[in-house]
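A, B, C and D label the chains in the order they appear, each numbered from 1.
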Amino acid sequence: MDLAYTEEEEAFRARLREWLGSVLPGLPAKPDPGDWPGRRAYDAGWQRLLYDAGYAGLHWPADAGGRGATPTQHLIFLEETERAGAPYVGANFVGLLHAGPTIAAEGTAEQRARWLPPVLRGEEMWCQGFSEPDAGSDLASLRTRAVRDGDDYVVSGQKIWTSHAEVADWCELLVRTDAQAPKHRGISWLAMRMDAPGVTVRPLRTLAGSTEFAEMFLDEVRVPVSHRVGAENDGWRVTMVTLSFERGTAFVGEVVACRRTLDALAAEARRNGRWDDAVLRRRLGRLSAEFRALWRLTQWNVSEAQASGGVPGIGGSVFKLRYSHVRQELYEAAAEVLGAGDALDLDREWVLDRLSSLSYTIAAGTSQIQRNIVAERILGLPKGR
Amino acid sequence: MDLAYTEEEEAFRARLREWLGSVLPGLPAKPDPGDWPGRRAYDAGWQRLLYDAGYAGLHWPADAGGRGATPTQHLIFLEETERAGAPYVGANFVGLLHAGPTIAAEGTAEQRARWLPPVLRGEEMWCQGFSEPDAGSDLASLRTRAVRDGDDYVVSGQKIWTSHAEVADWCELLVRTDAQAPKHRGISWLAMRMDAPGVTVRPLRTLAGSTEFAEMFLDEVRVPVSHRVGAENDGWRVTMVTLSFERGTAFVGEVVACRRTLDALAAEARRNGRWDDAVLRRRLGRLSAEFRALWRLTQWNVSEAQASGGVPGIGGSVFKLRYSHVRQELYEAAAEVLGAGDALDLDREWVLDRLSSLSYTIAAGTSQIQRNIVAERILGLPKGR
Amino acid sequence: MDFQLSEDQRALRAGIRGLLAGRFDRDRMRAAHERGGGVDRALWRELGAAGFFALRLPEATGGVGLGLPESVLMFEEVGRALLPGPLAATQLAAGVVKGAAEGEAVVALAEAGRPVGHLEEADALLVLDGDRTRLVSGGALRRLVGEAQPVRSLDPGTPLWRVPDLSAYEGEVLPDGARLRCEGALLAAAEQLGSAGRSLEAAVQHAREREQFGAPIGAFQAVKHLCAGMLVRAEPARSAVYAAAVTGDPVEAAAAKLLADEAAVDNARDCLQVHGGMGFTWEADVHLRLKRAWLRSGQWLTAADAEEVLAAGLG
Amino acid sequence: MDFQLSEDQRALRAGIRGLLAGRFDRDRMRAAHERGGGVDRALWRELGAAGFFALRLPEATGGVGLGLPESVLMFEEVGRALLPGPLAATQLAAGVVKGAAEGEAVVALAEAGRPVGHLEEADALLVLDGDRTRLVSGGALRRLVGEAQPVRSLDPGTPLWRVPDLSAYEGEVLPDGARLRCEGALLAAAEQLGSAGRSLEAAVQHAREREQFGAPIGAFQAVKHLCAGMLVRAEPARSAVYAAAVTGDPVEAAAAKLLADEAAVDNARDCLQVHGGMGFTWEADVHLRLKRAWLRSGQWLTAADAEEVLAAGLG
């Protein structure tokens, strides 16, 4: 157990800090959330800067054009970029963190050459077409079907919770290619052009009033068979491969941000006098313990991934269960700090975050599903009931 | 909605108060918890006093020797006896509240004449032989078997959580009389003499260090067939009948006691200075809301039972779920009031209660089972999983 | 003792439920929230005509002559229907503010340090400011409105304004401020109760219908127990609210508000969780209930204040 | 950064676990608790011989020369085994109190306003009294013992005495009181962690084996999710404890104590719930863990104090 970073790691951090210090002041103003072309351009520009500085695809294997960084370096990268207030991965998210790694692991040489470099350079954006309204938590019960027609699949169905669909060039799509097979065995992974005829994107408004997500309607969209990654009907396994890139780093930036928010809440409470309320003050103290522990658990998971070579970690479920809950608690405490008045003002900091936080126990596997995973796969309790 | 009591109810209360005031000062000293014969004599004496004053079997139907009181009168009786510090029902519990009502409802005229009067007069005590170690929450999977041999059943098996087994004369026993039938259909209800050969009672020590409960081992105990109440293999239904006597009054005394405890906790906190701790003070305030609501919910359930004629109320599950949890909270708060030092002293008030409270979410149907009942029988969610 | 609803009370409840079903069904509820939750004056008048605001005024003065228990039953229904508007303040001001009893006037609630809902539409303002409870109207109200700043409201059903220091605005001081606060808290609690009940029903309905992994999700214990927990929250709160309405006791009212706030907020959150991703969409109604429940939790009597009131009553 | 245990650390942990399995198996653990939890001097000496108490003393002075992280790993194991005795105070006093390092002496912990565990067996007393941390022994200790009153202890593993005002008993003042308190809290947290882990294992084992309604109870989501919750409590606590041991930071130690206390107490309660009625018996071990967890929660640093320390570190 050694929580100190190695000289090499500290050197990596120092170089990164220096670079961030040099490049961030020159960034253009952040675009408005509703300005999709502006957001794409902004995210693309940032990715290009990362690429030019050698930080693009930091955690990708070198043979896929990445830097082959260790999980710890990746943790440092995420920590420092968050601390410095650098742009988020934004529209590059799916390309860099899901579709890209999948193609790197399972694609043919041609597929890798075609799709990976534009992702790293910020030239092509991807979105994800996995979730379906009727499938919900039972993702593998997806019904979007792909029927072979010559060299194409003809795809029809409906997807939901697709981020950045408005500006993506490609969509990593899960489709059912064998309706007779058991549900996990009849799925294929396709790369679909978002400008293909038959693709309709409709913004999906969340309870926070934003349209970060979209629904996607597919009406006889033709996707070349050559755009399938992996074997036909092997898409479920192909997709699971992506998870092996999860090296405990998924929430690094968020935990850093939460700790900063907690400090800001304490400062605000001291300012507006609510710090004198022992109930609130101790509640903030408790949250500090939680986020300190979550930061250490992150380091633990990263360290475990580094030691084991990045094998898929179901330990992520333990982290997510606690984190989702504590982050919701954070914004409940924020409402207390703001008081009964300001907590109702959407223009006050933290109020929209409180609304967004309601999704944490649902998105990417509800807490109920996560508890099943923890109980069955980690604790070895029998499946069932 | 009228929470005022009627003139008749108030008159009932006044008479009861007067009687309690006249009789309680003359009671003998409470026996030591370990002195079983003393406890039996004490409880029998109290029951005899009730009998002579006309309060025995208050809620029993008149044709069973009871007073046919309304649920509201029963509530008043329980409230006033608790307030006055009168003895608990003690060793008369099973006779008055389970076995007796079952015999009253399902027994033959001879069985009623044989068993009910001695219960009302405090002359015979009953205990309950339902639970089994291997059955647990799945009560109907009980395995104690009764084999017919002439005019007797020969009973062998093991029972657990039997209160007052040391001093009981009779045991209401559930046994399996048909091993082939579905589990609820092969059970019979027997009245077993506790001094019958083959009955062995062993005290069961709880985590509170007390031996309120016992295990009971049955080794070829002969029980006359004439001691079966209801038809053979109809014991499950016969037993469920007892529940129809539950008219929302089960926890009246306990809720009154909890409110008194809460007041005492506040007084102690004011005395020892912990009242200045806003976290603790507000916690006690919240508990006050909880117990006030539980008292009102009790009145609601009683009122409902009175209006509907005492049909079995699954509303009791809602009450029990909340009450179990809140009563545990009460003793956690008590530990805070006592402080890190005194909360470790078994001779301090509330410390043993804290230990006993750990059973509330388990005994008489775990909270998990109760939630199933609420979800399936009240909310109509599908059985299953 | 009879805690059952009387025939008249049941009829009253059926009446308001029927009125709301006809005049404020889901489509109208959604439309009201999409346009920012302003008061629908026509519906307000209809409620007035049905006796909603005059419910507790003596019959001699044109009121319905009923009591707080009946008010609480009515407010539970408007809470269930998610009707926007300062209903509690207006009912409390009926008989004092001209037109309030008839549904001609809208009386909004203003509390120190909090934004005011429906300010621009208000014909009068019930101001709770320290221990002085007063009605601000006419010129003072116009002056106050002129100095108020609109707030981008968390609750799409309640337009909010940030107002300057309330102490600068005089008005008719009401003699029974403590009673008004207690009753306001109780009526708000009743609305919370209605909301909590509706969230439970919506969750149960969804759990019965939505299939995942080859079964209705309500067949899974995790979902089943969430729903059971919602009922276990709502029922004690209901007993507390009804009882406080009968006794009018301020400590009981504090208990009622505390438990009803919690039931409304937590039931909405659990309802959202049962709905999964769909619960997170704007299309689902549950967020509207959650936001209103948050709003009402901060009105009349907060949890912290209620706990202190209850603690003071102990020992 | 490497948060993994080193080979040496794993070996150390395996060593103490093996020692405890051989010398303090379940039968001996139960026997120790049945006789009131006094310190087993022979086992205490064996621990001493194995380097348990001298673990962090420099090798030059006969110690093992290891650090707080290794101590924490060892304490997690004694916590898991539910070994009675003032282990933390004795290790902290090693090198100061004669014989403590070797397991010849027992050093008990005395905190103002709380009963003292193992007082009668103590060769010295580590007194935390306001800001003065000192060692009381010899005549002063005998005088204190003479005036102490036995308490009927909630924890069958820890005999307790009520003591008079500690300020009346002088002793050797230790210069690094703040460090000792921080480390004591951390070692207690490590014991809590071991207890939390053991409760989880016991619950999972029972859930796998116990059948109800035709299936192992662990197949039901209600039980499954209780168990999952226990792991979700234990793992962040573990990270916090290990990290605080590495950094020695007092605010991190406060976080570790807070979370580990909670994990030990709540996991014991959930373990009891999973065991149902059998968990409520004296025969089951879980109540022993719960009672010890309650005891330790009140030692070194309480939740209220930890939360204040953490709050003070914010902003």
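One rule holds in what follows: contacts are C-beta pairs under 8 Å (C-beta built on N, C-alpha and C of every residue); 3 or more make two chains touch, one makes a residue touch a chain.
Source: prediction; values computed, not measured.
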Which chains does chain B share as contact partners with chain D? A, C
Per the definition at the top, count C-beta pairs in contact and tell me whether B-C or A-C has more. B-C
Per Cα centroids, the chain farthest from chain C: D
Compute the distance, rounded to whole Å, between the mean C-alpha positions of chain A and chain C. 39
Rounded to the nearest whole Å, what is the centre-to-centre distance of chain C and chain D, using the mean of the C-alpha atoms as each centre? 50
Euclidean distance of C-alpha centroids - chain A vs chain B, Å: 54
Among chain C residues, those touching two or more other chains are 220-223, 225, 304
If you look at chain B, which of its residues touch at least two other chains? 277, 279, 282, 368, 371-372, 385
Mapping chain-to-chain touches, which pattern fits: line, ring, star, complete or other? complete
Quick check on the complex: what are the chain C residues that touch chain D? 220-222, 225
Which residues of chain B touch chain A once you look at their complex with the stated criterion? 277-279, 282, 385
Touching chain D in the complex, chain B uses residues 131, 133, 136-138, 141, 160-161, 204-207, 209, 277, 279, 335, 339-341, 343-347, 351, 355, 358-359, 361-363, 366-368, 371-372, 385
Any idea which chain D residues touch chain A in the complex? 1-6, 9, 69, 200, 204, 207-208, 215-216, 218-221, 223-225, 227-229, 231-232, 235-240, 242-243, 245-247, 251-252, 254-256, 258-259, 304, 306-315
In their shared complex, chain B is touched by residues of chain D numbered 113-115, 151-155, 160, 162, 210, 212-213, 220-223, 269, 272-273, 276-284, 287, 290, 294-295, 297-299, 302, 304
